[in-house]
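Chain naming follows the written order as A, B, C, D and E, and within any one chain the residues start at number 1.
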Amino acid sequence: MTQPSLVTQDLTIRFGGHVAVNAVSCEFRPGELTVIVGPNGAGKTTYFNLISGQLTATSGKVLKDGTDLTAMAPSARAHHGIGRAFQLTNLFPGLTVLENIRLAVQARSGAGWKLLRRVEALTELTEKAERYLEATKLTDKAHQPASALPHGDQRKLEVALLMAMEPDIYMFDEPTAGMSLDHAPDVLDLIAEIKKDRTKTVLLVEHKMDVVRALADRIIVLHNGELLADGPPEEVMSSQIVRDVYLGKSTEAA
Amino acid sequence: MTLLSLTNMQTNIGEYAVLHDISLTVPEGGVFVLLGRNGAGKTTTLRSIMGMWRPSPGSVMFRGQDITALHTADIARLGIAFVPENMGIFGGLTVEENLVLATAKGKFDRDRLNRIYRLFPALEKFWTKQAWSLSGGQKQMLSVARAIIEPRDLILIDEPTKGLAPAIVDAMAEAFREISDTTTILLVEQNFEFAKSLGRDMAVIDDGRIAHAGSMADFVADRALQDRLLSLSV
Amino acid sequence: QDPVKIGLVHGISGHAFEAFSKQAQTGFELGIEYATGGTNEIKGRPVELVIKDSQFKPDVARAVLAEAYGDDEVLLAVGATSSGVTQAMLPIAEEYEKILIVEPAVADSLTGPDSNRYVFKTSRNSSMDMQAQALALQPDENLVVATLAEDYAFGRDGIEAFKAALDGSGATVVTEEYVPQGTTDFTAVAERMFNALKDEEGRKVILIYIAGGGDAPGKIQAMDPGRYDIEISMGGHILPVLPTYKRFPGLEGAVYYYYEAFDNEINNWLVETHMERFDSPPDFFTAGGMSAALAVVAALEAAPEWDTETLIETMEGMSWDTPKGGMTFRAEDHQALQDMLHFKIKVEDDVEWAIPEKVRIIPAEEMNIPIGREN
Amino acid sequence: MNQMNATLTRVGGVNLLPLAVALVAFVLIGAPSSWMTLTVAGLAMGMMIFLMASGLSLVFGLMDVLNFGHSAFVSLGAFIAATVLAWMGGWLGSDSVLLNSAALFIAFTAAILFGLAAGWFFETVIIKPVYSDHLRQILITMGALIVVEQAILAIWGGTPMSVPRPHFLEGAFLIGDVTIEVYRAFAFLLGLIVYLALYFTLNRTRLGLLIRAGVENREMVEALGFRIDRLFIGVFMAGSALAAMGGAMWAGYETLITPSLGAEMMIVVFIVVIIGGLGSVEGTLLGAIMVGLVSNYVGFLAPKLALASNMILMMIILLWRPNGLRPAVK
Amino acid sequence: MNAIPSTQGSVIVKAAVLVIAALLLFAPFLFQDVRSLEVAARICVFIVLVASYDLLIGYTGIVSFAHTMFFGFGAYGAAIALKQMGPGWDAVALGAVAGMAVSLVVAVAVGLLSLRVKAIFFAMITLATASVALVLASQLSQFTGGEDGITYRSPDIFKTATKLFVDEEGKVVRIFGVRLNGKLAAYYFVFFTSLAMFLFMLRLVGSPIGTVLKAIRENEARAEAIGYRVVAYRTFVFVIAALLASLAGTVYAIWLKYTGPDTTLSFAIMIDILLMVVIGGMGTMWGAVIGAVLMVMAQYYLRDLMGTAAEATANIPLLPEVLNPDRWLFWLGIIFILLVYFFPKGIAGTIAQKGARA
């Protein structure tokens, strides 16, 4: 088995008296797509926030390829290859779609501090950004401001930003929420594509069971901030406890 | 009996024409589902009803009264509630305060409150927490709770199930079914399973026009139509 | 005949002091009228006033003064109201080699080392204010003083001048208090001064030297210094402020001008004309503006030629009459030496303001005003 | 840090801060009569600042509108009250306390009425187009400030105007060696009344909630059936009226006023609102009292530092609590 | 990636700026009166000052009230050096460097300490810092001249009496009636240093860092998440803007030969800068040019214009009162409100956008 690329050790955060993520230890490996499920408020997004740095853990550690990221700022973690897309759309609303993506490409390339080069002169950046536009089928909206996109396209742009960061660890937080049935497959195809690259690690939060079934290599279940189950999809999904806390009766329906 | 009717509604946002021609009749009682791809104009339709965008030309009639030109607040006072796509919760206020504002007199009806607690236990748990710190799904619950804390004639709901765990989705379906006896629900939904289980009537919007309207049962039966309008084949 | 052009550079917009500038202008116009006997002509040439607004901004003041000298070709210029603005204008006079008469700005430094030989100053300076103030206290061994001033160069220089004037009289200064500019609450500093003075023997005085608002005297008075036999002393003020002096009957101090105190032909004309035209008596800056105008006319009439060098020669040491008596431009630094008024406040119910009644005129010779520079 | 804060909250929280400051000052000052004089004067000064700041706090905190024009209302209130008082010189001069108070009451009412009208005008014409745009708010209200200041200059002229005071508010009570100015006692009472009125309307009604919600998401409050536009006008009018009243009160304290009076008080008012914490009237009161006390103590103990005392206080408090002492929104 | 996409409107804006640049370049020859040259020089300096402020407020969304403080550091640096050491380029260089050094230290300190806090608090902290600087300038009067400021001489080549070129008779050469004297040299010194700084800023905002700044303004948290260290970038622009302001201060000090609180540090200038940024249009360097030109012109000429208008309308009741030149600030305020109201994006921004729609 390959070395784990991302490890969380006893990762914990409390808000006042409320423990949102409670001593979660987990290892993630390249080439593996892990789906994180759990009821609303289980701590999934918070877990992501702890890994990518929007929140700092009360205790516990986050390691990427052996490097301790726990105390780093989000930007530093991004440079260590952690990338994530947000559950609630989180873009640069006043910039165009192309500019949004180019920013991510530029961050990756480290060109941010070039003071006296004109942006236009850095054609590689633009070309790369255009590739991601194409991959997410947003090319014809390239020059619209992000704020004018309909919800579904904003979700796509959110994903495109993550892709453009070219991280080692991809974290998707309900990427297809609110996407219509004709758009969702585009995004799912992209995720499947990343999965094929055996050097990348993918974490996915998703409530849609068909998506989970189609993509997951492994499922972990969070409940009240604790790691409740961890294992291959069929095994986890059929366990009684998961049915009780998460699925309700819709398992029968589906 | 017709509760709400939209006639030849055309809405522009800035310089963009978004709705081209929307005519729709929503009967009283039950759940009316609006379907359509991303960007089709569903949200815009709901906002046009609420008076947040102004259709022109076109008109919105509610219980026989022309509400096209009314102020949003006055429309709401007619007994119409709105659950927006982005949830529209007040992050700086606590869960309780969010709900207080949605009541008519500033006081809770105990029964309704208990029902909401049952439906969304998280809200009771985080009653005094500031809403911005809730999880995505909890915010969605709060937004729906705000709409049903008072009896209303019509609720406009924009994609309530997105981000909700399956168990909660079930509970919500249950709740909608329950209140739809007395309250009409105009539901925009991408989750076809959910929509299918609730809807009595439905319409599909495509590119700012009504592409299809009819009963849900007929639509469910017609696979070809579904494929064409919603790309359900995947 | 070509007109004689005279530039008036004052701040007439953008600051609460603009009213002072307007007084100065009115005074200047009246002065020209009086001195030319209403003909508005000097040696047959009509006087034309070129009025410029410094907006109370030093850079603007420099530009408009340069414009007056360079483009409008004024013979000489008069200004300005604020000391900082005037300070900035001084080098322009030197650059254009034309005369600048400073009125009504007060700072000593305007005739100090950074000034130049093209600058003459008709307005009084801070040293005069403070020396007169010291003399009005009739200092002797029995006098104990606590001083209160604002904490910046103007305030500190004033207190220095005051102490210099007390030197040798035997009076003591027990504490010097400085408050930030714009202070409105004087409780703390009053407590400090009370504490310093209350156990002293002799005549106990708090000397207040605050140019800005804030009403320090009133607020200190409200704290009842009388219970420790402490009296308040301060300089006089412009008319709109004098109503507030009604709270201090019997207060003694020194002031630049009060219209009833000076009895001479010019002042009588000024008061009469001003009453007639504006229905109010003339104030500080009206008298100041008039003095400047009288200096200009006196110089132009005396000078054989009107080129700058001849004018400077004429004006150095020149004496002329003003509403407040004779003034003399000191040859060394071009400061006009002048008399000051020692007053005592009298309150009369039917007069809107408190009257600074004349005790005596302090003649210029009694004051020892330091020489700012050697021209 | 967390623990420290927790202990603090248990014993009364930041509300005790002024008490702590006063205690420290007592030890440092030594002389009880001086300390008492300073403390009482500081409290009253705090109340006066609160009166001027409350309107700003209301508008700034609840509606998230940064009204630089606030100081213009303060100045206008001062001038209007002064003018009315001058007209009623007869009543003021009389020995009857009743006539005295009547004149004062009319002057204050005039200022308040004017504030209401000006607030209405300001909201509908100037502020409405720039809600939720901080920068443009700062700018447009700054423009309004220039206009109003110039208008005051045009109407009342630039020379300082003296403000007659009713007789019964002159002078001081003398208790032992401690002096308490009558006018300060009056201002203190006025401030207290305003505080209580604000506190009850904001905390005992849904009004405060509504306004806060409206600031965050105007559309949604409307979708809940509230006419937020009318509400905002109301709040704005109240804020302006408070400003005008604060100005009227300050005019009486200053006795000699210039058109720049409002602008001169503005920095201290902003400081108070900020150290108090955004949006809470309680915070503003606390901040005002802290500023009043600290500046008096520092002025007595270390006059050199007096100028910077407010700034230093603000920096310390912001470093300790980046959102101010008692922010309404955490 | 310019602030303004290339549209018909933005072409108009750029053309206008080019015309302004040309007018400024030939100003001494086109307008041969004293005031015009003062106005032109002030415009040059303020363009730099406003553009550097726009880097903060327009491009990064940082509201600072301390910009005049940095302007003042540069001006006082040069002024004190020139005063103490006498007129000379060594004094200018020393003053400029000293001013920039102080600006650098203060900007880094303020930036690192407080750019993390909420925008409004940052604004307050800068306001506090700036007022402390103002107080210091007043208190250290033995160096700064206190409220009255200091006058001094600038290098000899800039003296009006200096003849740059002489003809056979030893008289100063004239071109188109303009004397080639030190005043002219001083003007071109101001013009070209300002131009250089402006071009530097233009390049800066067109560089990748310009995009990053805008991203930070739009959504700080997201910029951090995709890998930009927000505090570092913010501090960096804050420092750059401070250094440029400081240099502009030095240039202005050399031109004015006087430095005092009212020409450099005062809050009134801060407000002027704000007004200029807004009138011109935030987030576009071109806007800074337009804003500075209009405001400075208004300051110097609106008054005269109103005087003329008041005279012209002398017979009509009321109007002359309202048009009284002493009330010019009143009108400036009104114009300003209308501008913010109708041109929310400033003149440059609005014109550029108009084109985009057409």
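The criterion applied here is as follows: a residue touches a chain if its C-beta (ideal position, glycine included) is under 8 Å from a C-beta of that chain, and two chains touch if they have at least 3 such contacts.
Worth saying up front: this structure is predicted, and the values here are computed from it rather than measured.
Visitor: Which neighbours does chain B have in common with chain E?
Guide: Touches both chain B and chain E: A, D.
Visitor: If you walk from chain to touching chain, how few steps can bring you from chain A to chain C?
Guide: Steps on the shortest route: 2.
Visitor: Which chains lie in contact with each of chain B and chain C?
Guide: D
Visitor: Starting from the Cα centroid of chain A, hunt down the chain whose centroid lies farthest away.
Guide: Following the centroid criterion, the farthest chain would be C.
Visitor: When contacts are scored as defined above, which chain pair ends up with more C-beta pairs, A-B or B-D?
Guide: When the contacts at A-B and B-D are counted, A-B has more.
Visitor: Could you tell me which chain lies farthest from chain E when each chain's centre is the average position of its Cα atoms?
Guide: Result for the farthest chain: B.
Visitor: Roughly how far is chain C from chain E, centre to centre by C-alpha average, rounded to an integer in Å?
Guide: That pair's centroid distance is 36 Å.
Visitor: For chain A versus chain E, what separation do you get between their C-alpha means, in angstrom?
Guide: 45
Visitor: Residues of chain D that touch two or more other chains: which are they?
Guide: Expected reply: 153, 307.
Visitor: Can you pull out the residues of chain E that are in contact with at least two other chains?
Guide: Answer for chain E, listing residues that touch two or more other chains: 135, 327, 329.
Visitor: Kindly provide every pair of chains that touch.
Guide: Once each pair is checked, the touching ones are A-B, A-E, B-D, C-D, C-E, D-E.
Visitor: Could you pull out which chain A residues touch chain E in their complex?
Guide: Of all residues in chain A, those touching chain E are 52-54, 73-76, 78-79, 83-84, 86, 90-95, 99, 102-104, 106-108, 111-120, 122, 125, 161, 165.
Visitor: Can you list the residues on chain C that touch chain D in the complex?
Guide: Counting only chain C, the residues touching chain D are 15-20, 151, 177-180, 182-185, 187-189, 191-192, 195, 213-215, 218-219, 222-224, 227, 238, 240-241, 243-244.
Visitor: Which stretch or stretches of chain E touch chain A in the complex?
Guide: Touch residues, chain E against chain A: 1, 203-204, 206-212, 214-215, 218-219, 221-230, 233.
Visitor: Touching chain A in the complex: which residues of chain B?
Guide: Interface residues on chain B, with respect to chain A: 16, 36-40, 43, 85-86, 122, 126, 133-138, 140-141, 159, 162-171, 190, 192-193, 230-232, 234.
Visitor: Going by the contact rule at the top, pick out the chain E residues touching chain D in the complex.
Guide: The contact residues of chain E facing chain D are 57, 63, 117-121, 124-125, 127-128, 131-132, 135, 271, 274-275, 278, 282, 324, 327, 329-330, 332-334, 336-337, 340-341, 344.
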